[in-house]
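Each chain gets a letter, A, B, C and D, in the order it is written, and its residues are counted from 1.
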Amino acid sequence: MTLSALRVAIIVFPGSNCDRDMMVAIEQLTSRRPALVWHKEASLDAADLVIIPGGFSFGDYLRCGALAGRSPIMNAVLDHAARGGAVMGICNGFQILTETGMVPGVLIRNAGLKFSCRNVGLRPCETLASPFTAGLDLGEDLTIPIAHNEGNYFADADELDRIEGNGQVAFRYAASDAGGPVNPNGASRDIAGVLSSNGRVLGMMPHPERAMSKLHGGTDGAKFLLKSLEALVS
Amino acid sequence: MQAIVNISLKEGVLDPQGRAISHSLNDLGFSEVGDVRVGKQILLEIDETDPARLRQRVARMCETLLSNTVIEDYSIDIPDEQ
Amino acid sequence: MTSASDVMTFENAATMGLSRDEWDLINQRLGRTPNLCELGIFSAMWSEHCSYKSSKKWLKTLPIDGPQVIEGPGENAGAVDIGDGLAAIFKIESHNHPSFIEPYQGAATGVGGILRDVFTMGARPVALLNALRFGAAEHEKTRHLVGGVVLGIGGYGNCIGIPTVGGEVNFDKSYNGNILVNAMAVGLANSDRIFRSAATGPGNPVIYVGAKTGRDGIHGATMASAEFSDETESKRPTVQVGDPFTGKLLMEACLELMASDSVLSIQDMGAAGLTSSSVEMASKGGLGMEIDLDLVPAREENMSAYELMLSESQERMLMVLKPDATETARAIFNKWDLDFMPIGRVTETGRLILLKDGGTACDIPIGPLVDDAPEYDRPHGDAPTRKQLASSDITNDAPITNMLKTMLGHVDLASRRWIYEQYDSQVMADTIAGPGGDAALVRVHGSKRGLAMSTDCTPRYVEADPKMGGAQAVAEAYRNLSAIGATPLAITNNLNFGNPEKPEIMTQLVESVLGMGDAARQLDTPVVSGNVSLYNETDGKAIQPCPVIGMVGVIENVDDAVGNCFVAADQDIFVIGQSDKADDGWLGASIYQQHHGDDGIYAPPPLDLVAEQKTGSFVRQQILGGGINAAHDIADGGLAVAIAEMAMRSGFGAEIAVPKTGNLHGWAFGEDQARFVVTTADSQALIAAAKEAGIDITKLGMVSDQGELKFGDNDTISIADLNAVFEGCIPALMAG
Amino acid sequence: MQAIVNISLKEGVLDPQGRAISHSLNDLGFSEVGDVRVGKQILLEIDETDPARLRQRVARMCETLLSNTVIEDYSIDIPDEQ
């Protein structure tokens, strides 16, 4: 399969605001425009990758991702994942994935109690087999922006030990040229991204779709997305 | 001693969060749900043994920090008072 | 009318801020005494906020025309042609009083309001900026206000998904009791698909969309037109609460509907809510409007006509639709879970008729509401002349770097990172240069073209010399855009002043508007929109005058833009706009003067608009031609601060030669205008080009990779030391 | 009928907001304040006349939406029950 044959679906909730950005990023890499799927749809056309984009679905009301997590489309996304389909949740998408239990843990308020928009270093970790991490070099940190208020990854110590033991930690925060504290939000064990137990679902706080070109100030987002997409077609 | 402060939006102040929750509950099949309002509940552990003085101090805390009196009302509950 | 007890008296009118003359005029125009609802409508429409009664005469002197102007002042926002069949649509607006009372909601609704102004015109908003003024850093309320305002701006902008890409913030004790919160929004539309507010076609349906109406912010426009006192603060009118989530839905729904060819005219409900929107739409169309208030979606029970008309509940719009478009429109709003309600129709009567509970709650001719709105020529005089400050009267022999460190570690100049990292500056993925540069740069989606923008004002100059200060704000914005390589196109402005009934305040307003006009004419940046906020006083004391400029410009190819960081070691550093004879500088009204604890008011640096245009154009051309690879305009803190900023932002150091004679601090910290610090990879070519253009250019030194800033032979400081104080200041202030 | 749902963080779950409030209160001179925890209070207007059934339905709402049972506990209060 070629990259342009890859069927990518991006779920759109009321309040999503990185849906277009992600669509543009994927199209830049695959030359094929992803489908945008409205949250009220009850079913999902066959897709090789479902992306839950960033933003403020339902205004972040109640808890980030809580109301979106109960939207009609999420049943279809759960089915897709249950069949072994690949799912990627970015930022608010990660929050939605934790709310539906598709990846372990929860995301709580940043330790600094402030929204934070800046570049962070991102260290790929050794994981179980996953299309999202298979192509990454372990020694090579990425620089990708974050922009969130609730990205503080939390799980109890046993759970953390378990997911670390299983190779479910995809990324940890690392130092970057941009300066600032390494861990931008107080996340347990510096965790920035986690995988489901079968490695097919990834949730991560940083926004790769905002690091797609020199004009963005960096291309590491493109690098990461491309590796993931290539792993999915191979 | 413990004090519980409940903070709610003043009447008439828009509660967009409550509205969104109410909609979602309706959509999830809880059609009986009408108005929803969301407030905060703050639990404080305080080194104080006199319930009356405790209430007084907590009221001061509400006025100075805990509640935004422009748009919020607060009420104080001291479980040990009973 | 509704009931006899509802007949108003002058006392009622006075509590709504109307004068005796204005009261008499209302009675005369109506031929009877108004009822409460009618009086409320008059008072809102005739408030300073809606009628511009003190400033109108002077606003008319501003240049508003140019080949680039598509829509000048008068609509919800201004529009300029940026090429490719596209228009940039933008405006700035103040939310000063609400933000002082409730900083979070005040700032958030300020952002929401200005965004509605922009998308009402059919533009998708692509960038937000702001201009903030707070009281002294050490004042007891400052921390709370800064924290709340920043949270509110981010709270709305981040959630609705429009990047906040720039702004400015100053601290001064004159704002202790009256902060300024000005928000600017910039959007993009096809030039031939711009929507306006004039109602058309008698009989056409008038539709209410968006959120429901509650009792919030009733009579906010009148409040915004009154002075502050401790009493107002304790009265605490119900503040408006922003709902960025509904704002986002409303924006998407409106833009979707506008693409469907259904909308004849549209107006957001901002200050004075349903009153100003209905009156303005009808008045601009030369028509009337009839509204059945029982149909207005209300959030609370038993709302009176007065409350419904004067509520400032957020996220609402009024539209006139094509008669057969109602169902298309309804479907779109239903999809976005928003209220959609036909509440009336356009009429030929020229009257505003409001029905309620089976009766007529209001019946007034629209003409007087708008045309008879008072216009005052308030007394004013000459601005005081100021003494010049000689450098030798204030400077000392301390090393430049000592002074630099003190200045960069003070709130006046310290890094704003603590603020702007709380804003999502990147959402929409088209931000090329966000906060931290001279002007922000946002790519036109799907193209190489870029929109550049900046907000600027230096209140201490305006206070010292309002005419120079009004012009300088335009010149500084012009410089900021030029420094990245963008061509300035037009401006919006926000006039923040004290009580215009005081001649000395009126003088500030008049003079700075005249100065602004001069600069806008000379720099070819007409005024396309703006906002006036008067009565910024607390207990009789006025703020430092603050006529903020928001400028928008364009760059053909964003690849050509440069930043204000050094890019490579060993490159030459030049100052453009300064001769190599310069060995002193203008310290009157400078940050340096402030930091020496001299609070006298001295003459600010002279401004030469022709020089501004010449140097600005030269820098732009050189950037676009590749002759300059980094540029930074010289503003607050002078030359030394500009160089230090370029070093800190890049991590490179610099070695700077200092003059052998003269006044070193004057040279380093003077705030002479029309200057840029630049670097180049080809010094000979740059010098030759400057000579040919007749522009002063002086080599200052070289970029180094030593991590140090060196002035002359033995005055050195490490960039890390500077960074520590520069970045540490505001976090320390906010941590308390 | 009205239902009140109180939602609090489970013990052991970090509460950065509570910690910040506790610090601020200490700084403001309320040195007696120790641990602070912030929870939510949700007030629901529900079209239901039987308190028992109401409680049951609200529990369902909590499990499906209102609380994230991984980190939160909830309690339900039906004022009309008494």
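Methods note: a residue touches a chain if its C-beta (ideal position, glycine included) is under 8 Å from a C-beta of that chain, and two chains touch if they have at least 3 such contacts.
This structure is a prediction, so every number in the text was calculated from the model and none was measured.
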{"item": "Chain pair with the higher count of C-beta pairs in contact (A-B, A-D)", "value": "A-D"}
{"item": "Mean-CA-position distance for chain D and chain C (Å)", "value": "41"}
{"item": "Chain centre separation in whole Å, for chain D relative to chain A (CA means)", "value": "30"}
{"item": "Centre-to-centre distance between chain C and chain A (centres being mean Cα positions), rounded to whole Å", "value": "36"}
{"item": "Two or more partner chains touched - positions in chain A", "value": "58-59, 61-62, 67, 70"}
{"item": "Per-residue multi-chain contacts in chain B, two or more chains", "value": "16, 20-21, 24, 28, 38"}
{"item": "In chain C, residues with contacts to at least two other chains", "value": "243, 245-246, 337"}
{"item": "Which chain pairs touch, all of them", "value": "A-B, A-C, A-D, B-C, B-D"}
{"item": "Of chain A, residues touching chain C in the complex", "value": "14-15, 17-18, 20-21, 24-25, 54-56, 58-61, 114-118, 145, 147, 149, 207, 209-210, 212, 215-216"}
{"item": "Residue ranges of chain D in contact with chain B within the complex", "value": "6-8, 18, 21-22, 24-25, 28, 30, 32-48, 57, 60-61, 64-66"}
{"item": "Contact set on chain D toward chain A in their complex", "value": "12-14, 16-17, 20, 64-66, 68, 70-71"}
{"item": "Residue numbers on chain C that touch chain B, as the complex places them", "value": "101-102, 105, 211, 214-216, 236, 238-241, 243, 245-246, 299-300, 313-314, 337"}
{"item": "Complex interface listing, chain A residues touching chain B", "value": "58-59, 61-62, 67, 70"}
